[in-house]
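Listed after this line are the structures, all set down as structure tokens.
In the two complexes below, subunit A is the common chain; its partner is subunit B in one and subunit C in the other.
Up next, the complex of A and B:
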């Protein structure tokens, strides 16, 4: 077998890992979250702006990680701010990853039960998911990313085809007027659009696994550009096809867009089924990213082997996924995840970078 | 060895899940309904009989919902085949209650196969009911349900809505007939564009007035598209009808006339008919302080397709000029009739003027949108029609 002893990944693979860690359940509810915040058809601008902001954050994280070759945030945080504070911050990050992982599994289960497998118990859709993901992680990062490489093109293809077929209900008038209320609503929309990129924190351990960490900035920007482009298309097609008024009354706007038309003559008459089935694979990849992140963090922090940690994580993630009692809890959790993503950025890479800069300058003066 | 044991363990675990489809349901054991019609409650004799024996719901009934189930049980195979030509392909069942979902579930008390809504295509509401109950209440279940797709089309019916789901033609499924008739818009602009559940979601949220295609039904099982019913945004109830010619005028204003005709009489009292080949329009809102006005520019090209005038030759330029003028006058009258209905009779705006204003003057729109219907009824609207007959078919003399 081709299991590499060092388990490094190429730049393209790193980009795909980042893409997969951002692109998940968010796409199903994103249009509503963004329209609620902005309340104009201009929110596609907010998506672009939000993406740019996230890119800046990513550059900060990459720069920081590049200072410590071969080391993940769980290892270098201690070097910068000392063992005890680093221990606490890293645990926050791990809990964040576990929460996202649980959230993704739960959204997957909710959507599946509502639209596809009515009557199947929830655990029966979630547990196999967690098992298979755990099995995949046994193969290490390389095997995992190689699966991502296989799935991503397929899921993007199905997504784009579904959107393009929605052209028949697309009305440009729904997207007009551009900037009718000025720029203020666009900035209001920002608070929702930065959140939809939650999960980009994986950068802090991803760079350490790259064969060529010096190319990390390019790879990570490429990796975040794909979800940015996909989110942009999503918001354009969903607003264009449904109008913002209809989006506000819809729980899963992206699916409702696909449910609003039928294509006669094609192999599939209803696009939501192929879309959901394929997107489930995407959710699987997305979930695996966080599973990996959380397991890696615990194994490096507590200095135990990676594989036993994976076993231990399975029930924990399952428990995390059943915490939300109802669909409102779930959406609230989604918001909390978005915000904690931003808070974590302010807590970890930002102070770490500043402290590191100060300390390095200090050292130089001594020398 | 350890790797192998992991693998075997995982595979064994997976085999637990490969025992077949968990929540599969055989489609033969379901009743698929493709059309639904809601009327003001009027209990059928069968329902009255069942009720006297303790069936039905006890609350004051309001709505009778009729669903159209296809295909009917394929009873036996051999012996029925001979007469299958005359057997109806569908079955309409009615049930009365005051919650649509309750009604749907009550079908399970009456029928052996549970009804499923995955294939609902048309939803017909009688105007009698839409006048009494807000539309968003009637449609809430349909919009919320996970089986029913938001691509279902919504119609109104002047008479009993359940009658529109009847047909005398043996092989025809009435719900599909209605759905397919909407596609005839390219032949006749008296058909309104399809309105699906998703559109209604938007209208409800914006509290906007809108129209829905009206269907009339005859006892013989024939139906006809007869203009449109108006749903007032502020009350969400039916307030009146537009006739076929009004609807055609709306298509003209919206630039949605890719087919259809204009018919009028010329000075010699002969019928002349114009076939629309293209119809474009531009609504230009003008805001002057508090005063609102609209200018509609309509450009159309078409063919002189029928003339009963034997004295003149259709190919002559002056004849065509005269015909063009007559058609323009006819169109102008149609448009004015529509404006009168919208502005004075019903005081609603359903032709898309508001949407145009929203795009060109977003700030003004914000101020007026809450009582747009009222404000529009005081706005002045002018029309500019340029109609061109580009050819006269294959006859000249």
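Up next, the complex of A and C:
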């Protein structure tokens, strides 16, 4: 077939979608959140552990989704637990996506206003952003993912280069001693690190869109490994470059790290600028993932067309983004989102899997 | 609890903003949709016309429709038809058997003269054939036949009876035998054909054939081929190369197809001719490699060409605009080229070439973004220079698109992001400038565009002088007068030069247009606006398709095999496969 009529994505594209849906505002906020929770230089261990835990959760969701080929969670939930409970759970998921989308766009606005456009009204940054994202979504999942594919390699490149250049202020002492306070703070930090992977719930509708759903586990593990690696490097370099005490005093530790040294001879002396540019593009992808997820959910749940839903989602996401009144509210919201991600996992894929297993086992015995 | 909820409830301002924002989005979507439908007319209108005559399929709907009209009018107002629309009678033969030559010399002459006699450039040369002493006439359009050939090979032989030997043909003095004799012995011309269909005869005469009508023969003979006015084969002016063939297409389709054939022996190249244009017809050739091209792609191209509905296709630009996917996009979805080598190498990748009679510009479909930044030279040079130049062009495209936007956002919004010393220098030089940076950039950009446009129109000897006067003097004077800052002159000059470095002229224009919208984005939201602009362009590019191929393949979706020929140009030995995005039948270039 020369022109594809189905809106399916390849395994690589699925991985990238997952990467982009996890890798967002977290790069900026994560070091602070994790250090606050763990208060030890060993939190990088927590990040690794958190990543591993999330991988397990993802495997559960992929396995569940693979039982229902071509169906997203919004469609198969009803088959497993009946219409009404499924309806409620799916709405929870949609609200979750909307909240994250609002959160991301708000973080974007806060960072933009703080670093680039002081004095600009907030709506002026958020609204065009939502528009462009909506414009992208009109092209369908395929076009959307193609954009992600275009941007992700560049962002990864710039991120890694920025981190590597920060090696000149990197001090191993900041990371030592390893496990000086024992394992307990690591587990304390875990509480925060699982949260930074919030958004992995997209797996539940992503598998249905894959050309080869049987390869989903590999693709999804690959997809989550990239943000895990990036977060790992971020936390290592930020702690190594700034020490925990400095992180606790800073709002956006990652940017502060990049601001704290100069690279002579470049057009921009500080790396904060290219980093911000890339981060904004990354955040755009991230935001678009949730925009897509929420729109897809509503359109499948209420059986209406996709495009009108996108229009309906625009004001809703905007309103969700203006709810936090200041930056402290915003961080609180970030924590809430992280927790509700875990709760949602306990509410949706876990019971669904268990019930499905029981029902299938039961059916077999009947037969 | 409730008070807390109410406290966080968005205020009316936010609600208003949300509503207005949605309305604007909806509105622009509607406008875009309307606009798109409005301009995207061809297949839709065909569909309406076809509604009347369904079974005919999508062959040539315009003829079908006209045919119906003709059929109705035919009876009552034949004369009116003839008078008003001279081309309508040409259409009639399709609905009824066309008039044939009768064999009666006087009647046929009268018929032909009635149809063609009004044209001042149609000549009737009466003479007598010496051997039979029968009347004969040569009918031709002035200036379109090869006069020397007709004089020497036709007239001379027919009028001169010194060497007439009838041999076997003389035995029966019948018209058939005489015709055979004429063809076999008397007319030493390689291309000669018999015509009995009056409609066909007239059309051939008008197209430049010389017709020979002889008393007593049941048919006319087309003796001379049209000798159209031809330009010599020149080096293509719009795509000059340092290394590579210096041959460019000309205006004659036959020569252009010959140029393609001349590239080498091989039976793979297939040229399919199609007649386009409803009123004035022209030949169009679809060129492809029959064992490489994807059949579905070929079908799609043929369908779109058959769907073109235009009275006259005057240049391949018409074809391009009638078959492209998205007419609202600033990006071209069909590549045009004057270079036969470019077409051939595209065909070998599995693409399809479209050549139109009367224009030196051939089209290549489908096109991808990276093609616009590639030059045939990349392949002719060794891979290192090829890769380097190509990387440079990608960089240059970025510069041509973004420099003014970046200038505006840095100067007006974020002087703190550039190194302090540079910022101080720029601000010092800008001190006298009375305008905001957007206006400053616009002044210079617009004058550069004017210069460029004027430079094309000017006669060749004046062109460079104009460039010097315009570019150097105006630029310098503008700085002296304090209207613009010297840094900006550098920026704008680099932008202009960058857009010249893009190998495809029309792609350069696209970037020029987009540059202005980028400036507006930057002037409203600074760096954030520039990023949004970039994302917007990227979003558009990822959505765009050219004949079903995503526009920015292979960059995304990833086709790693095709990356050998994207920004870098891998050594020829490594490029073992054809681009997989085109899904060719034969995937390997070398084993």
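Following the convention adopted for this analysis, the second predicted complex is superposed on the first by the 363 of 367 C-alpha atoms of A that agree within 3 Å, B and C clash if a C-alpha of one lies under 4 Å from a C-alpha of the other, contacts with A are read in each partner's own complex, and residues count from 1 in each chain.
Just so we're on the same page, contacts are C-beta pairs under 8 Å (C-beta built on N, C-alpha and C of every residue); 3 or more make two chains touch, one makes a residue touch a chain.
What you see is a predicted model; the values in this text were computed from it and never measured.
Superposition note: with subunit A as the common reference, subunit B and subunit C are in steric clash.
In the superposed model, A:319 lies in contact with subunit C only, and not with subunit B.
In the overlay built on the shared chain, the residue A:357 is in contact with neither subunit B nor subunit C.
In the superposed model, A:176 makes contact with subunit B only, not with subunit C. Touched residues of subunit A were counted for both subunit B and subunit C, and C has more of them.
In the superposition on chain A, A:250 makes contact with subunit B only, while subunit C stays out of contact range. With both structures placed on the common chain, the touch criterion links A:343 to neither subunit B nor subunit C. When the shared chain is aligned, subunit C comes close enough to touch A:112, but subunit B does not. Of the two partner chains, subunit C is the only one touched by A:273; subunit B is not.
When the shared chain is aligned, subunit B comes close enough to touch A:259, but subunit C does not. After overlaying the two complexes on the shared chain, residue contacts for A:327 are found with neither subunit B nor subunit C. Residue overlap on subunit A between the subunit B contacts of one complex and the subunit C contacts of the other covers 117, 120, 124, 128, 131, 135, 138, 270. Of all residues in subunit A, only 1-4, 10, 12-13, 112, 116-117, 120, 123-125, 127-132, 134-136, 138-139, 143-147, 149-151, 267-270, 273, 277, 280-281, 284, 311-312, 314-316, 318-319, 322-325, 329 touch subunit C in the complex they form. The touching residues of subunit B, counted against subunit A in their complex, run 6, 10, 13-14, 17, 22-23, 143, 146, 149-151, 196-199, 201-206, 355, 358-360, 362-363, 366. Looking at the complex, you find that subunit C touches subunit A at residues 7-10, 14-15, 17-19, 21-22, 24-26, 29, 294, 296-297, 300, 413-414, 417-420, 525-529, 531-532, 534-536, 538-540, 542-543, 545, 548, 550, 552, 555-558, 583.
The touching residues of subunit A, counted against subunit B in their complex, run 114-115, 117-120, 124, 128, 131, 135, 138, 169, 173, 176-177, 180-181, 241-243, 245-246, 248-250, 256-257, 259-262, 270.
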